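I am attaching a structure below and will ask some questions about it afterwards.
Order of writing sets the labels: A, B and C. Residues in every chain begin at 1.
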């Protein structure tokens, strides 16, 4: 099973394999060594960018965009997801439209957002918001709709009014699913932020990676990718911890 | 003075729409349940006994006929009719205490009073020691006892039970039957109890209502003249069992035709 | 708002989904909803023009989008771009799937393979595949190879991971029973392991197809002359918004068809088994 120990061991092993492979390549040269940066080279680039403050700047630019886009989308997804689930005619009207829009890859709309909002921050935030909204909205609605009828019946025969049912049964019952929806959203945000920053951006981790390509600095590309991976892992760990605290007592039901 | 019947089921029928066609689940049922009476609805699978219970509970509307409680027509669930479900239906995000005090909390009872109520009913079902546990940490039998305590804590006049012990093993089942019998001797509620176990029905009920196979109707009603505390091996007990079994078997045979 | 939300009677009768409607009613309702959506969209874009809210180029009505698509289809351009995109997806996904399943089966079944591959996967997994696109471009240039290589890379992971899971979740009792019946080597593999792992593998394939269409767009933004992604990005230069929207919709349609194909594969070959 994946314990922290085995995962760390795996990562260390991977690091060593990478170091070994690139070291051999640098010696033998079956591929241009520039194309296969060693961990040392990547480390050097990282330190340079850290020292100049550039890394921090790009890192936080990306982070802020994710936070803003995801935050807006999450609020909208929660509010609208709840509303749609509680009103049957509204849901029946909205569902087919969502089915229609869902298969379209969000990245296909990136240029649209650049046209609509220009090249500044707004387009990135709006794009992240759009991308994360639909899956979260669908997941929130699904978890509300899944609330077991028998729980509603039990509460009603204990005297619950409609407001009671929503506040005291539907919301708590849907909470685990809602949290999963949020985790899904943030994962998606991390996934597309890079793509969003490839074009028409002058800051951000995605921009940093793209720069690495334009200025033929693969070490920078690798650094950017690793930092992103780290950010993702961090956020994921935090969310899992938060989830366990909020839902731990319920355990498997 | 003898008040009118607590529950009056008059001409209740219910059909369901299954892919465009109307399938009758319950045909005309007329039944009166007196106050403090323990009535069992017994019958083969699918005979509509659960449907009837759901109608009395107010979860379903009848296709025709009415259900009256204390003379007033039923048109939805209400705290006067508590329900115990086969699937327990405990709220997984609340502790045992939270579950049991759910009804009083809705009614805005003060915390001190709620604490007393919870203590009283957890004692009654023998689960005081588990007050702070979550449903996920309880066994099936314990969960059902919490469900019973939760229903009782709301002080309903009527309790509706839909095969509450159906998901439990035979041992736990008999234990809970004993408990329910004991609780009824203390609380004296009006109980409508659905089961497909003849033994269970004879053990618990004042009257056993045998229903036909679908569409369900009342086939025969057996008044059970046994003492409050019943011996499952007494000859009178087994006599009732055989009498009722004979009638039920006719209906079961029809289902398999 | 009060009567908007389902009342207690409906909630206790049929839960939050409400009563089940007949098939015909659901169908008409769905069509109605889509028509209503199109009508709303038309209305909004019309209002933009009528009230001079902003440059109508930013919100073309649905008829403009359909017009742009039909024009491109008639002139034959659309098919060239669709073919270009499909080709990249097909080759990339095909390669990624083949590698993912092959390596996944090996890693799932043989511990030494797993011990070698798993660390690499663990390290690469948290990194969004998109971040590696520039790397592919640096390695093999801006042409087809980098796009296809990138799709292969992106689709490899979910397929590999679900295949490994699929093999590892096989009940050891099942394997023991099969072995005691004489199954060994290749027959054990094709007749027991593969079918048992199939539902998970198919889930991975479905994810892979969705992912392939998800990422193809962005790889076609850079250094492409053909493809739906190219069409979308190219539209930026002259604000050809109907073209951009149209291409996006076509892309969605293709992705949906791809997923539907995998799902129907699942129904044919993994009927009656539970999917992950």
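The rule we apply is simple: a contact is a pair of C-beta atoms (placed from the backbone, for glycine too) under 8 Å apart; a residue touches a chain by one contact, two chains touch by 3 or more.
Only a predicted model underlies this, so the values are computations on that prediction, with no experimental measurement involved.
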| item | value |
| --- | --- |
| Required minimum of steps from subunit A to subunit C, each step between chains that touch | 1 |
| Distance-maximising chain from subunit A - centres being C-alpha averages | B |
| Pair exhibiting more inter-chain C-beta contacts, A-B or B-C | A-B |
| Between subunit A and subunit C, centroid-to-centroid distance (C-alpha), Å | 17 |
| Distance between chain centroids, defined by C-alpha means - subunit B, subunit C (Å) | 50 |
| Junction residues of subunit C, two or more chains touched | 8, 12 |
| For subunit B, residues contacting two or more additional chains | 58-59, 76-77 |
| Where subunit A touches two or more other chains, by residue | 148, 153, 156, 160-161 |
| Residues on subunit C engaged by subunit A in the complex (per definition of touch) | 4-8, 10-12, 14-18, 26, 29-34, 36-37, 58, 118-120, 122-128, 130-135, 137-139, 213-218, 221-222, 228-229, 232-233, 235-236, 239, 241, 244-245, 247-249, 251-253, 255-256, 259 |
| Residues on subunit B engaged by subunit A in the complex (per definition of touch) | 57-59, 76-79, 81-83, 85, 87, 89-95, 102-103, 106-107, 134-137, 150-151, 154, 156, 160 |
| Subunit B partner contacts - residues on subunit C that touch it in the complex | 8-9, 12-13, 22-23 |
| Residues on subunit B engaged by subunit C in the complex (per definition of touch) | 17, 19-20, 58-61, 75-77 |
| Touch list for subunit A against partner subunit B, complex | 148, 150-151, 153-161, 164, 168-169, 172-173, 175, 249-253 |
